[in-house]
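Below, chain A partners chain B and then partners chain C, in two separate complexes.
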Partner chain A sequence: MDALAHHFFNWDALWRSRTMLLQGAVGSLQLGLATLMFAPLFGIVVLALARSPWAPVRKAAEWFTDLMRAFPLLVFLVLTFYLLLPLLNLRVDPFIAAAVAFSLKHGVYFAEIYRSAWLAVDRGQFQAAHSLGLSTFRTIQLVVVPQVLLIVLPPFTSQATLILRDLPLAFIIGYFEILTGARAAQVFVRNASPLVGAIIAYGATLILLQWAAGRVEAYSKRRLEA
Partner chain B sequence: MDRLHQYFDPAFVWEYRDYLIDGLVVTLMLSALTFAFAILPGFIVALGRRFGPKWLATLLAGIVNVLRSVPTVLTVVFIYLALPFIGLTLSAFASVLVSLTIMQIVYFSEVFRGGLAAVGKGQYEAAYACGLSRMIVLRKVVLPQAALVAAPAFASSLVLLVQNTSIGSAVALNDLIGAALTVQNISGAPSPLVAAAIGYLIIILPLVRLTRRWERSMAKAI
Partner chain C sequence: MSQVPVLEMRGIRKSLGGHEVLHGISLDVPNGQVVAVVGPSGGGKSTLLRCINQLEVPDTGTVKLDGELLTGATPRRLEQMRARIGMVFQHFNLFPHLTARQNVTLAPIYALGLPEAEANERALAALKQVGLARKADAYPRHLSGGQQQRVAIARAMVMRPRLMLFDEPTSALDAEMVNEVLQVMRDLVAEGLTMVVVSHEMRFVRNAADRILFLADGQIVEDRPALDFLENPAEERSIQFIAAIR
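And then the complex of A and B:
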């Protein structure tokens, strides 16, 4: 029991590794925020391409989506860092590579979320709006978008938890996030407590987010039924 | 064209084929073993959540929710790097296998639970009213319908399974991507990475396409 406490829950070791852990947490947070900004935007692009009037474009979007679903995130991170960015003549930087890879991979899932939300809006709503004399643009603006936003909210939050869960994989291209920080600290203090700390911090954040997602879902359900 | 050749040179990949094939074997073994160890417990957890007493269902739901929140890569690193501090040393392969199996039990149980939940109460009542026993109802009435509903989710959980094996490279396990990274480190050329990526696509892309087709036919059926 003492050994367990000494090796896994050692406050002294945790305190000495605070700078590394904090730096890692900040790294994770930055990457998470960048992904939360760009992935939903990219999702709109993917959806627009998937619904384009030209069949070849639709087909290309479908294959792109399936490719993104097929690549393991870790492999795609490596490909982005060593292949995609150099081929595009972009500056090769772990943060940029990670942000690009996360945004492309998760953007595809956001496109799927938008698509099912669009389908979930009852066709009768369009007809009703038209018979009230609203133009197509006005219909979308006043009738569809408010409903779509409510429908999208719950899957949006659960996708955010998935993004958060994927963040530690960015270590593979040398991005300094919480896992990299914890591993460096573990070597530094020769104690496993930083790793345990990182895991607990992660679990707590994710459970909190899941709880929030549940609340959001309840709210959206209430509003949609009202 | 020269530029592309610089990034993917088949002759170069051929030169290092032994590394890459060994990596492929590790990835396939890891996937197969995880599948074998996880499928039955996953099913049992789903049954426990659906038919078990209330306390068991709540307990299992809690455990599943907590486990879903922990990134697999963290548990792999924890088992590999932290457990040795208390005298429990596992090889890189075993560490990855243990974490992947735990994760996959959770995924499978969610898939099966979703399938079981899709079978309505009326089905049970009708079957019992016909005088069928509990076991027969489960085998002949519930499971066939549940399997049909759960099929697309099951295929995507297999996709996740194979994808997650790539986490092995976090603990220096030479799976397919790990081996490719090693070769890339030795040689400085990105070609092996491309070869590894193609390898993953060959395994996973058919599953993804299959999921898409099943989802479509399900959407039509409903």
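And then the complex of A and C:
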């Protein structure tokens, strides 16, 4: 029992690995925030392309979406790092590669979220707004977008949870995030406690986010009830 | 004064999904008249109503409001003319993210360009008219179906319309709420508003309508004074219809 505590729940070992763990946490946070910023934006681009009046563009967007869905994230990370970035003549850096890969991959899911939210707004809302003499622009601005935002909120939050869940995969291209940091610290202090600490911190964040997603969903549902 | 009808429709044809729903409808509604449109479902009643304010654009034919063409109007002009035609929907179609008051002030502010204070004043008057002044700050989800429909009527009335269109306004309501909505509509009739009403409430139609349009298979089968139609239907289909709803 003592050995178990010594190897897995050792405060001293945890304290000695604080710098590495912190660095890893900052790495995770940076990548998470970058993805949360660019993936939703990229989703708008994908949706715009998918609804383009030009058929080849629509087709390309469709293929891209299918491709992104089919590729495992791990494979796509490696592809981005060793193939895509060099091809695009971009600086080959694990952070950039991970941010690009995550944003592209999750972007297509955001596009899908927007698309279904738009469709979820009842057609009667457009008709009511038009019948009142509101212009199409005002209808979209005052009636449709506020509802789309409310509809988008829950899937948006759960997609954020999924992004967080995917972050550790960036280790494959040598990105330093919290679990990488913990594994390095584990070697350094020759004790598994940093890993346990990181897992608990990581798990707690995930559970917190999931709880938040549930609350957001309840809020959105309440606001949109007719 | 002028004898120009408020609403004038000529030769309206409309196909939906490859099937012609309206086969050339012509109709004049003079100022202050209440027209009830009745008939079997699928007969084109709703489509006819939607063709008036161009929610459905007719394939051929013309629609005029106060002598001015709605069909083929520029988008800007169409918006201005729609602002003068109120419409009440079967499923209310209130904006769920806005309070009752905001639902009612939206179009006065953004379609008519009224200052917010004036829009608010008008909205409160309209809500009072439908007996819901004290619910002004409630969201639609906190209102009963009957209350929601009354807010929807206030939302249309606040625009001071020349013409009101009602598309089965009580069909989605529980029985005990039908009367509160019909009462509001009777008040509007008493004010002399010009109205076109699609409704299955035959008691309301009998008491409130000046004229009945019996629409079946996309055609006007009968167009007669309300009581006359109800008591002496001439056509076979009207006789069957009246027998069925009795």
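Here, the second predicted complex is superposed on the first by the 225 of 226 C-alpha atoms of A that agree within 3 Å, B and C clash if a C-alpha of one lies under 4 Å from a C-alpha of the other, contacts with A are read in each partner's own complex, and residues count from 1 in each chain.
Please note the rule applied: contacts are C-beta pairs under 8 Å (C-beta built on N, C-alpha and C of every residue); 3 or more make two chains touch, one makes a residue touch a chain.
Just so it is clear, the model here is predicted, and its values are computed rather than measured.
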Residues of chain A touched, compared between chain B and chain C (which is higher): B
Which of chain B and chain C A:H130 touches, first, second, both or neither: second
Contacts of A:Q186 with chain B and chain C, given as first, second, both or neither: first
First (chain B), second (chain C), both or neither touched by A:A70: first
First, second, both or neither for A:L206, with chain B first and chain C second: first
First, second, both or neither for A:R51, with chain B first and chain C second: neither
On chain A, positions contacted by chain B and by chain C: none
Complex contact set, residues of chain A against chain C: 122, 124-125, 127-136, 138, 142-143, 146-147, 150, 222-226
Parts of chain C lying in touch with chain A, wherever the complex brings them together: 53, 55, 75-76, 79-87, 89, 91-97, 106-107, 110-112, 139-141, 148, 152, 155-156, 159
Complex contacts: residues of chain A adjacent to chain B: 3-4, 7-8, 62, 66-67, 69-75, 78-79, 82-83, 86-87, 161, 165-169, 171-172, 179, 183, 186, 191-192, 195-196, 198-199, 202-203, 206-207, 210
Touch list for chain B against partner chain A, complex: 3, 7, 65-66, 68-71, 73-75, 77-78, 81-82, 85-86, 159, 162-167, 169-170, 177, 180-181, 184, 190, 193-194, 196-197, 200-201, 204-205, 207-209, 212
